[in-house]
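Please find one structure pasted underneath; my questions will follow.
For reference, chains read A, B and C in written order, and residue numbers begin at 1 within each chain.
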Amino acid sequence: MLKLDDCTISSGDFLLRADLEIEAGSSIAIIGPSGAGKSTLLETIAGFRDLKGGQIFWKGKNLTTLPPGKRPLAMLFQDGNLFPHLSAAQNVALGLRPNGGLSQDEHQHVQSALVRVGLPDLGARKPAELSGGQQSRVALARILVQKRQVLLLDEPFAALGPALKAEMLDLVASLVAESGTTLLMVSHDPQDALRITRQTVLVADQIAHPPVSTAQLFENPPPALRDYLG
Amino acid sequence: MAGHTQPINPLPGVSAAVLVAALILGTLFMVALRAEAGGGFGPADWSALRFTLLQATLSALLSAGLAIPVARALARRRFPGRRALIALLGAPFILPVIVAILGLLHVFGRAGWVSEALGILGLPPIQIYGLHGVVLAHVFFNLPLATRLILQGWQEIPAERFRLAAQLGCEGLAMFRLIELPMLRRILPGVLAVIFAICLTSFAVALTLGGGPRATTIELAIYQAFTYDFDLGRAALLSALQLVLTATAALAALRFSQGEGFGTGLNRAIRRWDGGTPVLDAFWIIAAAAFLLLPLASVTISGIAGLFEMPALVFRAAVISIFVAAASTVVLLLLALPMATAIATGRYGIVELGGLLGLAASPLVIGTGLFILIRPLANPTTLALPVTALVNAIMALPFALRILVPAARDTLERHGRLALSLNMNNWSFFLRVMLPRLRPQIGFSAGLTAALSMGDLGVIALFADAQIATLPLQIYRLMGAYQMQAAAGGALLLLILSMGVFWILDRGGRWHVEA
Amino acid sequence: MKHLAIAAGILTATSAVAADKPELTVYTYDSFVSDWGPGPKVKEAFEAECDCTLNLVGVEDGAALLSRVRLEGENTEADIVLGLDTNLISAAKETGLFGPHSITADYALPVEWTDTVFVPYDWGYFAFVHNADAPAPTSFRELADGDAKIIIQDPRSSTPGLGLLLWVKASYGDDAPSIWADLADNIVTVTKGWSEAYGLFLEGEADMVLSYTTSPAYHLIAEEDASKAAAPFDEGHYMQVEVAAKLANTDQPELADQFLNFMVSDAFQTIIPTTNWMYPAVTPSSGLPEGFETLITPQKALLFDQDKAAAAREQALAEWLGTLSQ
């Protein structure tokens, strides 16, 4: 269980409170108006921002003061998910060994992750030589080898076409289902949320609300969400 | 900035800065400690201060101001020989002062090419000696550096930004305001501060081109205090004044150069869609090339005959110079890389200040201070070469930082979060992300340092004995022995070697890197 | 770095070999030790007769040389300092670092030499050097009234520059500032040192350059080029006498005396004219090299007494700065 215990995030005029719990293994969409703090919430959970108050627990363990890399979670950003000077395979390998070389087995592991995301032959290419969809697949292959218990997606597929984005989301859904990973994904599009998540955290009016059923939320949206959906 | 945690340990960088500051301030302190009855500031010192500030300010403004259109023209034009031209433009910066003066005057002097051309048209020769001559010479030295630094700023703007601006239909002034002005705001203060600091310590150039004692700089007063008056207290006081002036300029630059980076880009080759005015760009490129290359051509022409008259000793000196340059470059990188990454975190601007002090420190003060320091421990003469290499590295440090810091900052901004989320440790981030991403900048700054070290007389004159001499020292010795022609040959050899190491290192950094 | 260590090692190695023999350390100016200066030949000649190692250490110039010795004080490595000139003698004596000598020689100097601490080894006259085919003024007055262009050195950073200052002062006394005021429009520029000035003159930047009466001898003898001449001035010419002395604290007093004796002997003095391009302090038995007879001989030799030189320098420098800074 991921627990945000009376958390306060603030910087300048910005303020967001979160006091909620998320079941391990669940898939959660984070939805809300632009600027409400969806990305900020993920960055805070990932450890890129300090809390003003409150604490974050994963399965009873206090994460609040851990540096990002020591937290049991992986994150994909809106952009910059790959190092441009490294090949696809080298980028994936970083998920396995961020600080050293790979053993023979681990090379195998990287290769099978590339195969799993549908890029068996493109390991030697640099990101600039890959299409947008292929770049996303490399990033997902790295997530795969990272084997973290929580996956945070900050709209990494926003730049992709609808069909491609749906394809990526399905790939994510199948990957998290295989491994039992807990998924938190920011989304602008209710269709994305409905596609792979059951529950939704609404971020609006300076509060990250506890998760509710995605389907129910859209059937009977609260005023803040109604304004956003238009 | 990428949040609060960063994949960089600033400790090595801060330590390097402390080391450099300790060396500069420590040597100054050692000199002050040896002061006997010292004289204070006289009216002559105040007028030297006024002239120093005036010429340094004008030189910095003019060098940077002229470099903007030149760099802009070079950034958006592609023509055969562009790379070679950019490399050659670096040459004035690395020439020994005396050679550069002779080259400049060969073109702009009373009997120079320009005056001769004017004579054919029945016009009087140009009057080069005066404040304008000092500024002209300093622009000659510093325009190439300013151009390279600003050009680098242009090349670090991701191609995506130009694409976006082109898509928005931006051209000319609008493109300039949208993309280029913010870049210049970020780069220019540092460029101005560096050139200002270089010109503060000008001595022989200012005096010779200034035409007389009106063009007295603080550095001349320091020299006089050291040699003819042996007034170490005054020397230390004047040197401290130089340091304060440079520190002020550096702090001002740091304050004004804060600005956002350009965010993520994916290494696409820069292509620009705004046409600009090719004629104007051509004008700037040709004018700058003529201004910078004509004096080099004169150095080359007068050196060719001398090349065959040089005694073998000159070649021996050349080999020694190459070793000194190599050692300087290694020391420089060991200092500059940790410092640049520490500065990139945005929290250690003071580290950059430490680096800039190297420019303001009078070589005489550093050399003498080191001499006093070393003497109780070892014979300073046997340490002449390592000390020269160290001092040359410290003198080159401010340039290297100006080159490395913007790229280090961008690398941290673009990749810091990802590295953190992957749990990369500081060392891995440095080795696997920072170094590869900075390769072009490392090549450029290593090339500059090697070339600078090769051409700099530095402190070797204070330490050297008969058996060991670097190429610049040997050139001075040839001139002192009336052997002007052989000296000109030595200068040409130096020019070739300096340009050679610069080209190899700079090109090596860019190999296989598109930008 | 490794190679640097090797290079440094070569140096240490040479001094290690030397440790077997007594070693005499002579501080001098850089152009003396340069491969084109007297240094290498002097070392060879002295070592041939002393069964010792002569260690020549070069420092930028005469003024820097004295600073170096003052910086090192009584612990200096130097046994002998060679290369100060008459203008520096009083400052050097004030340090109390130098000891008396017992040298007697038949000096060929135009002035009498009685100093008990410093021994002269060469001398020359300052003069303006010009192209022989061009007319040259015959006095400062004529130079100042004409439009010939000159390049001079800065008295604050160069020995010849200081020599010119004292030359004008010795010739005109209190009228020196008015001469400088009239010379102002003749001066193309003022350089840091001799090399810059002479280089610019050879490039054609000026009609004349401040140098020595012996400069044309270099062109004549080394380059077989008779195109340079020194202009004789009616006021007379200021002299530069270059001297050496032993340190009072030297640990090689006998060897130091032996060197000073060697210095005024034929072996040393024959080396000087065509390496340092100055007149030898003692004319060698073989006479001056062929070519030196073509040089001008000033009617009058000017030289301030060493105790007056310091005061004259201070006053002349203030006048010079005051006049030319306007």
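Some points to look at:
As a working rule, a contact is a pair of C-beta atoms (placed from the backbone, for glycine too) under 8 Å apart; a residue touches a chain by one contact, two chains touch by 3 or more.
This one's a predicted model, so the numbers in the text were calculated from it and none came from an experiment.
When every chain is reduced to the mean of its CA atoms, the largest separation from chain B belongs to A. Chain B has the Cα centre that lies closest to the mean of all protein Cα atoms in view. Chain A and chain B have Cα centroids separated by 46 Å. Computed from the mean C-alpha positions, the centre of chain A lies at a distance of 80 Å from the centre of chain C. The centroid of the Cα atoms in chain B and the matching centroid in chain C are 35 Å apart. Shared contact sites, meaning residues of chain A that touch two or more other chains, are absent. Residues 43, 46-50, 67-70, 74-75, 77, 79-86, 94-95, 98-100, 126-128, 146 of chain A are the ones that touch chain B when the two sit in their complex.
Residues 2-5, 264, 266-268, 414-415, 417-425, 427-428, 432-433, 436-437 of chain B touch chain A in their complex. Put simply, chain C touches chain B in their complex at residues 1, 3-4, 7-8, 10-12, 14-15, 30-31, 33-37, 39-40, 43, 55-61, 63-64, 66-67, 70-72, 77, 91, 149, 154, 156-157, 162, 184, 187-196, 198-200, 202-206, 215, 218-219, 222, 277, 320-321, 324-325. On the chain B side of its complex with chain C, the touching residues are 34, 44, 47, 98, 101-102, 105-106, 109-111, 129, 203-204, 207-214, 216, 220, 223-224, 226-228, 230, 311, 313, 320, 323-324, 326-327, 330, 368, 371-372, 375, 379, 381-383, 385-386, 389, 461-462, 464-468, 473, 476-484, 487.
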